[in-house]
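The first chain written gets the first letter, and so on, giving A, B, C and D; residue counts start at 1 in each chain.
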Amino acid sequence: MKRRTVVKGLIGLLAAPRIAFAQQKELVVAAFGGAYTDTVRKTIGAFESANGVKVSFVPASGADGLAKAMAKQVDVMHGDLAWAFRGVAQDAFEKLDPAIVTNLSALHPKARFSEYGVVTNFGEYGIAYDPSQVKGEPTSWLDLWKPEYKGAVSTTGYDAANIELIVLMAKLNGGNEDNIDPGFRKMAELGKQISVFYSQHPQLLDLFRTKEIVMARWLRGRVDWANKQGVALKFVAPKEGAIALVSTVHVVKGRPQTELAQKFVNHLLSADSQKLYAADLGYTPSRRGLDLAGIDVPYSDAMIDSLLMSDWAKIVPKMDAWKERWEKEVVAR
Amino acid sequence: MQQIRIAGVSKRFDDYLALDRVTLDVEGGEFLSILGPSGCGKSTLLRIIAGLEMPSDGDVHIAGKRVTGDPVWKREIGFVFQNFALWPHLSVFRNVSMGLELRKVSKAEIDTRVREALRLVQLDALANRLPAQLSGGQQQRVALARAVVLKPKVLLLDEPLSALDKNLRQDMQVELKSLQRTLGLTSIFVTHDQEEALSLSDRVVVMNKGVIEQVGTPQEIYSTPRTEYVAGFVGEACFFHGIVEGGNVLRLADGAAVPLAAPAPTGARIAAFVRPEWIKLETPSNGGAPAGVFERLIYFGQSSDYLVRLGDRQIRVKHRDGDRVFANGEAVALNCKAWPLAAGAQAL
Amino acid sequence: MGGALDDARAPRPRDGRVILMRPSPAFIALRYATLALFFLFLLAPLGVLVAVSFNPTAMIFPPQGFTLKWYAVILDKPDFLHAAWASTKLAALTAVLGTACGVFAALGLKNYGGPLKGAISGLLMSPLFIPAVIVALALFQIIFTLGIQANVWVLLAAHIVVTLPYPVRNVMAQLDGFDQRLEEAALTVGATPRQALLRVTLPLLRASIVPSLVIVFILSWNNYTVSVFLADKNWTTLPLQLRAYLQYEYEPFVAAMSTVLIVASTVLLFVMDRLVGLGPKRK
Amino acid sequence: MIGRSKTLLLVPSVSILAAFFVVPLIWVVGLSFMSSDGTGKLVTDFTLGNYTRFLTDAYYLDALLWRTVRLAAIATLFSVVIGYFGALAIVRSAPSWQPWLILLVMLPLWVNLVVRTLSLMVVLGRTGPVNQFLVWTGIADRPIPLLFNETAVLIGMVQVAVPFVVMSIYGVLQSIPRQLEHAAMTVGATPLSAFRRVTLPLSMPGILAGSVLAFGINVESFVVPILLGGGRVRFMSVAAYETATVSNNLPFAATIGVILLVVTMAMLALYQWAVRSMTRARPVLATAG
């Protein structure tokens, strides 16, 4: 008798939340988590009541995000260009329906990179530097290569922005996405400059704080954050162009409520939501014509036009091979 | 009435035969010892009676009921283990009461019966101690109380005293016997100590290599054993091998003659033995008694033994009051009557 | 080394004699120095965390002021509270069921010998030696192929699998020295094997079961690599939530939360010790 | 006698393991013989390509596999030594202290590993307490770089593994009667040699268990090499994870996992064989098992 009660209790413990949510229509969104999800959540109340739906968020992006999309466990998936093209290749997404996602027409053309997804906002990877340690303002990506900063510059490991940097270096040295050797040759030199490849923003912040690093490839928004955290840094967009950080959003194929998911994407592209990306996260909205008075975020067609954004459809199939080269030629000593 | 009946029980472990068609009856209220060296199968037999092992062949009956296939917990036995096997996490009281709790006996009755059992073994004052807080003898008594509190149909004891030192062991023998008498418990006691077996038992079973060599009263086992093995195991013995002459004399290979205490078929080649206390040492005469050389006297206090060299053997002879004192190296004759062992019985 | 007192309390050997030996002061000093150095090494990062949790500005050590505001912030993070609760439930279930499985397995293996025992115990230990993330990913794909939605049962099973080696090994180690006669003694007084297990064997195995429960709870509570693929939306565990958060932020809030965990776990273990006893007191 | 129910006891663990570990493992092995089309789609034709790619490339063999195994082994050695002395010091403390000291040992495990490792970075950082101490005492004239190298990874791994080692060894040490060591002293052994001749050999099973556990944990290290290695100290499980999640080449990620499993199992078998033959050579240890 007693034992049965315990077993029932255990089962109840697990089952409770499912029963509670089962009553209502529900939309599951895979998002980046942390502050990003918090920002999206701010305006979600209006969307929920307008459509009679409950939106819940799963912190997943990248491999786990796409895996969940392929398994039809989420309705909407956030990602970046690499995962976007992988998802397209694996037939994971619905085409966005311009009849429902009416806000598509209000976006900067660069945001509409594919019929199967859309860029919700742009960030800028540039050079963050400590003005007390760096003489004069860096102007070019190549400043990271300057011998006087050997050991005191940093970038991440193999990620989307560094892939853009490889492609940029290839292009500056006579190559392109298809002829990447010159890019790797140049990056190998950078590898010798670097003592630590950072993997998390808080980690880089600490490196700047302790002056172990004086210059790094970082996000504009992050530099503002660092300043708030009491580490005085400056940001510069190099003359070759800042590297685009894009957040993409996709409607997952084969879920019961794709129309609702399309509406949700439309909601993310609405003026209110778009404005919050700028206000809370420091990202440039992909929607044109917003009034961003009082928000310190670069916002112009020219700025978005200048962002470096390679042809990811070409890059994605090469990412595995490039990763191996990165580890061998740039990281390994 | 037979309280326990063991009929043709065999036990095979892989390719090793531990028990070979053992048959044995135990009377109600009897104290029976199973005596033998380690590995003779005595513990296996006890465990089969208890139900801790299943026989490969044969039947076990307890109190007139066939229990061969019954598991141990249905057999209503009491078992005392060699190292007591007290549960270290339970108090003395709980160790004793567990069997009653399992039988769903009322709380009040448990209390009465456990107290009574503990009083029997004089441990009522220590009921709340943990086993680790008790001495060896006290632990032994808890193990006994745990076994008898259930009023078992049979009490099985697996070398229960061997973990105790000599003095304590002798005290416990007395206590164990009186407890068994008081309760009238049919008991089977497994031991490798022949003194213990002889002093405690109504009957003794001597086992060797999985078979019963002999069953009998302690006197029978000691004085009139049937085989050389039994004779040698239950006490000091000096063996003579030879041919029977005239029905009551054993002629040895060296020509000496030993009178036999019981008649044997003339012309048979047999073995006979004597116990140290059966021999009287004398000055050699022409009587033909086996002759040896006096080596020395071993003094024990209350008694003493002679050591005599007989050919290449050294034998003991009990010194008796009034015996003549021999000098070391003096020639002596062994005056004794030897007990003839069964003609077919093999030498060791 | 040990004090005379230790020995007086130690179980007396059968022969009843206790050899008393006074350690030299040098050895006592050495022991305390070892303890101090050992814990300094082990707990330094926690010390930093606790200190930083009171720092008003950022994750800076040494702290530049004192505030309790980060502790208040915890209550403003429903996601974290929800995740902590999910993790607690999951870890508790994993601990109970996983330890039960491990105890059963160890008991079951006790009677086996030779190559079969080796093979099965090898199997039970093997989750320790392959990156859990690979197994979790494969499991995810299999479930996906079978058309099963990720659910908490799969998550639970996966957590049990990756933590199973710990209870199996702990309990098997204790069973190695276990006196079989204690169990037989219970059978002779009329206990069925199940009753013997419940009344004798399991209480005696407490010394390895309780630590197993704690370890499995901790491992499940901290698991990231398995949960990342198998957790569904209702079961976003604390490590997942934290990882997502740490990608972007690192405020003393995290230190405050860790401090709360440290204190809470200590209190929990203290209460458990009072209730069931964790220490080896009765050994 | 109760053999059937004993077998029944194995059913829950073995079936759960079969369904949720062995089957995925078979899947992983199968996966390692497939390939990826570059976008992550599986090509199911049988190929040995992943294994050739790994096993014929000095980078994968040296910078990845050998480094992982080497650092895991060194970290295990340190973990066992430090853990042993910790456990010994705890066992020799007053009995009433011991549960609390063990609780202290387990305390770090409650804190998320990422958070714990970030804190360790503060401790070892250029302005951290360790460097401050070194400069203050004059051992170093300026902060020395303790982070972002193999040493830092080793320190981190040891920190992670030590609590588990302590738990393994503590139980065994606790069951060794102090009288044995004292008996050795009565026949003239100094405390040190009594420890070496009695306690140490008797605690061998704990050391064995602890080292296997520590190696298992270290060889799978993930968070520690990422954070403390500064992105330069590559580890097998990190490579497997990134190959799956960044390159999206699941078959090759599976191959890395399989190779790690095989190498680890082989090393452990070798280790146990070595320990066993060593204990056979010294009869003292044979009784300890």
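The working rule: contacts are C-beta pairs under 8 Å (C-beta built on N, C-alpha and C of every residue); 3 or more make two chains touch, one makes a residue touch a chain.
All of these numbers come straight from a predicted model, not from anything done at the bench.
Using the average of C-alpha coordinates as each chain's centre, B ends up farthest from chain A.
Each chain gets a centre from its C-alpha atoms; the one nearest the centre of all protein C-alpha atoms is C.
In this assembly, the C-alpha centroid of chain A lies 87 Å from the C-alpha centroid of chain B. Chain geometry summary: the mean Cα position of chain A and that of chain D are 35 Å apart. Our note on geometry: chain C versus chain D, Cα centroid distance of 16 Å, whole angstroms.
Residues of chain D in contact with at least two other chains: 118, 122, 244. Residues of chain A in contact with two or more other chains: 64, 200, 202, 206. Contact with two or more other chains is made by residues 52, 71 of chain B. Residues of chain D touching chain C in their complex: 2-3, 5-10, 12-14, 16-17, 19-25, 27-28, 31, 82, 85-86, 88-90, 92-95, 98-99, 101, 103-120, 122-123, 128-129, 159, 162-163, 167, 171-172, 174-175, 177-179, 182-183, 185-186, 191, 205, 209, 213, 216-217, 219-220, 222-223, 236-237, 240-241, 244, 250, 253-254, 256-257, 260-261, 264-265, 268.
Those residues of chain A whose C-beta lies close enough to touch chain D in the complex are 62-64, 66, 82, 85-86, 89-90, 156-159, 195-200, 202-203, 206, 210-212, 316-320, 323-324, 327-328, 331-333.
Within the complex formed with chain A, the residues of chain D that make contact are 36-41, 59, 63, 118, 121-122, 125-127, 145, 147-148, 226-227, 230-232, 234, 242-249, 252.
For chain A in complex with chain C, the touching residues are 10, 13-14, 17-18, 21, 28, 32-37, 56-60, 64, 67-68, 70-71, 73-74, 200-202, 205-206, 209, 229-230.
Within the complex, the chain B residues that touch chain C are 50-52, 71-74, 76-79, 81-83, 85-89, 98-99, 102-103, 130, 132, 135-136, 146-147, 150, 156, 163.
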